[in-house]
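A quick write-up on the structure given underneath.
The chains carry the letters A, B and C, assigned in the order they are written, with residues numbered from 1 in each.
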Amino acid sequence: MSEIITVNHISYKYTDEQERNALNDVSFTIAKGEWVAIIGPNGSGKSTLAKTINGLIEPMSGDVTAGNLTLNEKNIWSIREMVGMVFQNPDNQFVGSTVQDDVAFGLENLGVPRDDMVDRVRDALDKVNMLEFAEREPARLSGGQKQRVAIAGIVALRPDIMILDEATSMLDPKGRQEVLRTVKEVKEKENLSVISITHDIDEAAAANRIIVMKAGELIKEGTPEEIFSYGDQLIEMGLDLPFPEKLKSSLKEIGISVPTEYLTEEGMVDWLWTYGLKK
Amino acid sequence: MDIRFEEVGYTYQKGTPFQSRALYDINLSIKDASYTALVGHTGSGKSTVLQHLNALKKPTEGTITIGDRLITPTTDNKGLKSLRKKVGIVFQFPEAQLFEETIAKDIAFGPKNFGVSEEEAIERARVLLPQVGLDESFMERSPFDLSGGQMRRVAIAGVLAMEPEVLVLDEPTAGLDPQGRKEIMDMFYDLYKTQGLTIVLVTHQMDDVAHYADHMVILEQGTVKREGSPRELFRESEWLSSMQLGVPSTVAFALKLEDKFGWTFDRLPMSTDELALEIKKNLGGNVGERV
Amino acid sequence: MMDKLIFGRYIPGDSLIHRLDPRTKLMSAIFFIIIIFLANNLWTYLALAVFVGLAVSLSQVSLKFFINGIKPLLWLILFTVILQVLFTSGQTIFFSWGPIILSKEGLINGGFIFMRFVLIIFMSTLLTLTTMPLSLSDAIEYLLRPFGKIGVPVHEIALMLSIALRFVPTLMDETEKIMNAQRARGIDFGEGNIYEQMKSIVPLLIPLFVSSFNRAEELATAMEARGYKGGEGRTKYRQLIWKRRDTLAMSSFVVLVAVLIVFRT
């Protein structure tokens, strides 16, 4: 697998008065087509980290490489074309007055000819299943639908990487599922790499790999199974406990010995079955 | 304080070409010192119901009894203020309501509007800050220098400072991290347990409903579809999923066990602790026959 | 959702007037306000009234909405008309008391001024009732385009306008939410004396400003992330298409002006 993003020893501080760095010597790589979740409690530097990848924030030291470009002032716009970003608040990233206008916004910025634009807007809306809403105004969309439009706006630019900066945190469970499903579909169809910053256990579980941030530093890295097996410590990492972990700790409390490795719900049912047989 | 809705309906922009009916035939009751969960989709009418709980909106049909006050479509707007002291509402993303120069003043704003003296109101702020997980050193700071999660806590303290008898919470933990979510929900539960506060929680989180509430109202398309205890209502898992509402993860897992192992839980477990006990009981009892 | 009816709000429809190009409608409204000053007698005002009546009926929007458009300006209209009536001197005087004169000419002038107000309001209401705000901002951008040559930042103005329009419903929602939150904390909006009312507006305005600034900042970041770097080299997705009916609509003004010139005294 080839690397699409390399973050190399970056540090960053918002103001000089701050005692500690918002990011402190962070390094990692992301492979083409990989989905990486970044977790950590609020204020751990997750969003700052995401913003360094498309140059919204310039690190004080270290560098970021996307594709074969090492981010600098000259290629910043090419990198932004390559790295799409969905933000937390669905309302505050909706620029266009209707769904199709919003999807076209990025294309207009690139100077794509109008005839091309019409096709790409339709195509992108189709991919997120929002084509029938093309004429709608944002005020008449749900949060989940607005986020899907934001995704279409990125897909239309044919990027390599999509960053979700807590993109599901303001949505209701239905909206969350809807957006997560859309991300999965789009990722497959477009062969995207995805970086998702999240507190949501389902979103983290969809990733190939999880990076854990704490106080500006990268403290852990591993597959979802490895990270989820930390049990109770997950809460401090800014993630809710997966249900099987909660049940395990309740069982342990009443004297039933449970396996230490991470179990999915199915795994948990199977384990209970064999436990019952052995007893 | 009891709150009762009888045949309540509400129509927006009544008598204009834009009129639209938001609520109809609503009957529900919220008992004193209960913890009621109000559940339903976005657009089911939850937020309109919520605004009726302290007469921010008056019904266009039917009657609402709040404590000893009767609200009808013709009730005069004057004199509703005293109700708002008794029923405090923490709106969704309540940090949006902060406006004062200092945190202490913002928390004192509500009580002062209801005639509490300045000193007394500031004193309440001092007592409440630690309760919401901040400390006294925050008193003189500007609310706008805080993180989102801290602003949320200040806003909640601002509602608690009015010392309401009923506390209405509209998705109070939306957008917070799990740690903050748990702290805030536990604080509300503590108020309910120790001070006998009546709590109405509007939420999408079925896990929270199972964990905290003793009464549950399900709204859909502007009317009440079910009302009862979570333990009863979550039994209807098929109906709930047909409404796209889902069940708590504990219940989902318990039902899976019933299905696979042929167990029956007489009391549907509402927490993993209850579930663990049921599992222990079932494993102990059935194991012999099974092998 | 605001409980109030907003004056001049777009009413969706598919009438001939709805389908006209927004540029046609905008230019018509402006042009009408200019040529209304050509009218100076009963026949010319009648011609204008027939023209407006025709346009209104073609729009298939209920007359109620147009009358609603007059209401907010009613006092201003009455005040102007009364001034006109009472202070115009003329040959046929019915009554006079110091500087106040009630004359036949005054009454006629007052009537004409009243007509002028009503017709202008009807025409501009017709524009906003049948044109989506967004299309209107497209039309404004188009008509401003020549001013770009003398350094007017037309692209920026247009973008500002369309973003402002896009955020109107969002901010109205926000206003309602904050009002509810403060009412729940014991504020009565619109009650008490002037001092109390002024005081009650602070807890509404400050949060609104704060949230608008936050929104603006987040929006700017999102726009930057989506590659926005000013108007240069940008293409445009929205297109306005001039149709034959637009040419026809504009030429109806030629007829109207001709009628006005022939019949005015």
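Here is the rule we go by: a residue touches a chain if its C-beta (ideal position, glycine included) is under 8 Å from a C-beta of that chain, and two chains touch if they have at least 3 such contacts.
Keep in mind it's a predicted model, so treat the numbers as computed, not measured.
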#### Entry: Between the pairs B-C and A-C, the one where more C-beta pairs touch
A-C
#### Entry: Relative to chain B, chain with the most remote C-alpha centre
C
## Note on the structure
Distance between the CA centroids of chain A and chain B (whole Å) is 30
#### Entry: Approximate Å spacing (C-alpha centroids) for the pair chain A, chain C
45
### Task
Within their complex, state which residues of chain B touch chain C.
12-13, 16-18, 20, 51, 54, 56, 78, 81, 84-85, 88-89, 91-92, 94, 96-99, 109-110, 112-114, 144, 158-159, 162
### Query
What residues on chain A touch chain B, complex-wise?
41-43, 88, 142-143, 169-170, 172-175, 199, 235-236, 238-241, 243, 246-247, 249-251, 253-254, 256, 265, 268-269, 272-273, 275-277, 279
## Note on the structure
Within their complex, chain A touches chain C through residues 54, 56, 77, 80-81, 84-85, 87, 89, 91-98, 100-101, 104-114, 117-118, 121, 137-139, 153, 157
### Touch list for chain C against partner chain B, complex
1, 3-5, 62, 174, 177-178, 180-188, 191, 202-203, 206-207, 210-211
### Query
Which residues, counting only chain C, touch chain A once they are in their complex?
133-134, 162-163, 165-166, 169-170, 173, 214-215, 218-219, 221-229, 233-239
